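Each of the next two complexes has chain A plus one more chain, namely chain B in the first and chain C in the second.
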Partner chain A sequence: MLFDLTARRAWMLAGATLVLLALMAVGVSLGSERLSLTEVWDGLTNPAHTSERVIVWDLRLPRVLLAVVVGANLAVAGALLQGVTRNPLADPHLLGISAGSGVVGALLLVRGVDIGLEAKVALSILGGLAGGAFIYAMAWRGGVSPTRLTLAGVAVSFLLISMTTAILASSRLFAQQSLNFVGGSLFARGWDDLRAVWPYTVVGLVLALGASASLNIMALGEDAAAELGVRTDWVRAIVVVLAVVLSGAAVSVAGLMGFVGLIIPHVARALVGQDYRYVLVASALLGAILLVGSDTLARNILGETELPAGVVTAGVGAPFFLYLLRQVR
Partner chain B sequence: MKLRAQELGLAYGPLEVINDLSLDIDAAEMVAVIGPNGCGKSTLLRGLGRLLHPRTGVVLLDNRDIHRTSTKKVARTLAVLTQSSEGAPDLTVEELVWRGRYPHQTWLQGATRRDGEVVERSIEQCDLRDLRGRRLAELSGGELQRAWLAMALAQEPQVLLLDEPTSFLDYYHQLEVMDLLADLNRCGLTIVMTMHDLNQVARYGRRVIGLRDGRIFRDGTPAEVLTPEVLRQVFGVDAYVFTDEATGQLVCLPYARSDGHVPPNNQSSRKNHTNHGR
Partner chain C sequence: MKKLLALLLLGAALILVAAACEEEEGENQGTLKDMMGRSVTIPAKPQRVVATSPTAVEMVYAVGGTLVAHDASSNYPPDVADLPTVGRAYAPDFEGIVAQRPDLVVADSINQARFVGQFETLQVPILMVGAASFDDVETGLRLVGQALGLSTEADVAITKMDKDRDDLIAQVPQETVKVLILIMDADQRIYAAKPDTYVGSLAQALKAENPATGLSGAAGPYPGYVLLSAEQAVTENPDVILTISPAPSPAPMLSNVLKGVPGYSGLDAVKAGKVHELDVDLFLQAPGPRVVEAMREMFSLLYGTTPVVPGG
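Let's look at the complex of A and B:
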């Protein structure tokens, strides 16, 4: 029984890694200019200034890698939040964790201020932290119960997202740009964005794995976790901050990309079981898979123009999630 | 390992539940805490188990303030089973019992062979071999209770606090859980449990504490505490207390509320039996 699960986890994680790599290759090859895999390989390895080189290296590769990072960030943030709130509907967007980042992102977009990408990402995370602190303060009553945290989060989320929409609607921005931000998109993103975001992903993932043993215990309930020696208030605060950092970094480059953080952790649990050490890794891989796939579809499905990837994420993800709901148990 | 409460005050917000309560529990004692709903039994247990921070006073485990010791270290000698075992319906019994090893594990080291042995022993003790692969959501109330008890035992505690360990169980499984606890107690485990069933208290408790309005009303052997007088003062009921000749057991049979309300089928016999007692 134990062996079965161990073997299954290994197979699942290895399989997900392979699927991700294959999808990344497809993502780089597809676009307005369709490239064969040899052309892709050539573009990756040959530094000569060919058109393949420009398409593969300068345009598509950074965008695909960014999809990996954003997908992993959102999925891990969702898994963390579902862990500490013990609420299967917890998600960076629904809980208002990314809403603060959304307001900051919308303001920067509308004002058109250029403060540099590193500062933009940092500011987005700060916005998320401010939103998170507000939620915490609202939920506080000599400690924070998961239920109060969830309820305060949902209310603050609605408030801040309506602010975001108001900011965008009252601007002279093109509708397309606003839609990309609200729906979530990686349109016109490149190496600079990737460079500004990936450190948060790596640090966030490592720290999240560090919290995984405590998350396993928190899943048993408040009393049981406290009884077993987990400092529940501390763990909850740290994990929420991690989720804010991960989702804030994602929002700064991709806008309000929904759904990834909500469903991917459930898919991950269905595949590798309840142990958070594996759930977090599987979530990162599956989130990356969903977003690389969605972004590739979003770029190609309409021909000339591009859909916000967030639309595809929900469009593909929701039916798959419903299928899973019918299959499992 | 001694567990002591000194001038303990416990409260939920403005609501004071336990007032200035002092209590010494020695190693290997088996203590039953009784009292009416809302008297503070569960709150006292939460306070002793450091799930609730005291408003005043201290709880000492082995002469150290339980809130000034690392909570993970406390979890290696003290286990608490509350009634709210809400979480993790998808976990299997075996996975739940493994969680009890958390206080003994470090992040780097992970599970050791000894962890595995303790988990096996706990599963064995709680008679869960056939259920080890079952999900918690699929268990009956009694099975679930045993699964959580096994998790607590996997902590290898020297002191075990239980909040109504036999509620929701049928008679067979009540006796099974209580017999297991009595065995563990004989092997040196200190047990403090809140209970409702006075006859089980009489049978298994070696020391009984009657709680009223957040204070200790009576503290002594079952024979000292389970008297018609104390039951009237603590629970507000009139009861027969007698020794069953067949088993030698003390039996409590509450038959009426002390405020004068008498169940209909009891009215004729009440006068003759009042204070019939032991």
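Let's look at the complex of A and C:
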């Protein structure tokens, strides 16, 4: 049985990695301009200044990589929050963390201020931290119980999302822009955005893996964890901060991309079991798969114009998740 | 004063050309400062030019240039209908632009300013031009003319524009006309144009009094337009109301629905039937070289008489 699970995990993770690589290849190959596979390959490998090079290397590749980063960030943030609140519905959106980043993003969008991408990502994460700290303070009563954390998170989330909507509505931006922000989109994103967010992703994912052992123990229950010497309040705080960093970085480039953080961790658990070390890795892979696939669809489905990718993540992801729900057990 | 300016610019252009020759680059004709203040290195004789907004498209044609592709939002001059499109002005198709292998892209310094980073990744010279006033149109034409090696043509067009504008303004009657220029958004809120909008600047040039000048209402989706309450409209009670309806048919035109908006039915302009619809292309979507045509149309709507066009 143990062997079965180990083998199954290995197969699942290897399979997911292959699917992700294949989808990334598809993402780089498809766009509003039809390029042959040789042209795509040439664009990837030949640094000579050609239009294929610009299309494949400067326009498509950074978007595909950003989709990987954003998808992995949101899915892992969701898995962390679900673990720490022991609530299957926890995700960066529901818990007001990406909403904190969202308020910052909306303000920057509306004011049209250009503070540079690095500062934008950092501010977005700070916004998320402020949201997270507020939730923590509201839930604190000599300690933080998972239930109170969830409830405070939901309430704060609604508050902050209404603020985001108010900011966008009061500014009367063109619908297209607001829609891309609220719906989540990677339109007109490139290498610069990737350069600004990847450090947070790498650090966030590595530290999250480091916290996975504590998460496993906490899954046994508060008392059991405390008896085993886990400082549950500390672990919870650190894990929430990690989730904020990951989702804040994602929101700063992609807007309020929904669904990924909520659903992907469940799919991951269905595939690799309950051990958080594997759940986190599988979540990162599956989140990346969902977003690379969705962004590719969003770029291609309407020809010259684009859908917000967030529309596709939910539109394609939700039916798939319902199918999965009926298949597993 | 204008001649002096033209001379100075000509001098500057000559120095640039001379500098380019001295460097013996040969490939580039020099560097231009575009309307976002960016330095743009322009190839010697751009052959494949793509324009990504109606303003940019019309400026290229006005100086006698040609395009290989344009944005799907532009529809003037009619020649562009035969060209391939590269996305809409508010959502450019960057891949499509690159696939045209352009050696120069003319983009919009007002509506596309937020895309400038993405444009720059295309590794093609990007010239940003835009028009929020008559003077902007001339600045843009001069830049586009220089970039395309068509400065003479640009100067001819500008000289004619200046003369036509002066002829028109000389015909403005003594009486002052008070005008509100209104636009409605998707939520049916009404906004008034201030003089720093394109249409507002034209009204100001035609010496109309614009009570929106001093208003400080909330900003809307259209830069330079402020939210106008019915009460403010009643207080100002303009002689003429000009409306712009961005939503395409079958959406109702603002000039038709205005009398049904609470408060507006009692206005002098509404009672006297002086509510006129402005052409949405000419006054909102495509500010540019057709500026004199736009001013003439506005002149007749403001003063109720068609201006005399010398020789036309």
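Basically, the second predicted complex is superposed on the first by the 328 of 329 C-alpha atoms of A that agree within 3 Å, B and C clash if a C-alpha of one lies under 4 Å from a C-alpha of the other, contacts with A are read in each partner's own complex, and residues count from 1 in each chain.
Quick note on the criterion: a residue touches a chain if its C-beta (ideal position, glycine included) is under 8 Å from a C-beta of that chain, and two chains touch if they have at least 3 such contacts.
Predicted model, so just to flag it, every value in this text is computed and none were measured.
When both complexes are superposed on chain A, chain B and chain C sit side by side without a clash. When both complexes are overlaid on chain A, the residue A:Trp191 reaches chain C alone and has no touch with chain B. Here the vertex is the CA centre of chain A, and the angle it makes with the centres of chain B and chain C is 150 degrees, a multiple of 10.
In the superposition on chain A, A:Phe321 makes contact with neither chain B nor chain C. When both complexes are overlaid on chain A, the residue A:Gly221 reaches chain B alone and has no touch with chain C. When the two complexes are overlaid on their common chain A, residue A:Ser51 makes contact with chain C while staying clear of chain B. Legend: residue contacts after superposition of the two complexes on their common chain; A:Trp41 is shown touching neither chain B nor chain C. In the superposition on chain A, A:Arg86 contacts chain B only, with no contact to chain C. In the superposition on chain A, contact of A:Gly112 is made with chain C only, not with chain B.
In the superposed pair of complexes, A:Ala213 makes contact with chain B only, with no contact to chain C.
Applying the stated contact rule after C-alpha superposition, one finds that A:Thr305 touches chain C and leaves chain B untouched. Fitting both structures onto chain A leaves chain B and chain C with a minimum C-alpha separation of 44 Å. Under the contact criterion defined above, no residue of chain A touches both chain B in one complex and chain C in the other. Every residue of chain A that touches chain C in the complex is listed here, in rising order: 31-33, 49, 51, 54-55, 58-60, 112, 170-176, 187-192, 304-306. Chain C contributes residues 72, 85-88, 90-91, 93-96, 98-101, 114-115, 117-118, 121-123, 185-186, 189, 218-221 to its touches with chain A in the complex. By the touch criterion stated above, chain A contacts chain B in their complex at residues 1-2, 86, 142, 210, 213, 216-217, 219-224, 226-231, 269, 274-275. Of all residues in chain B, those touching chain A in their complex are 13, 49-51, 70-76, 79-82, 84-88, 90-91, 94-96, 99-100, 102-103, 105, 107, 132-133, 148, 151, 155.
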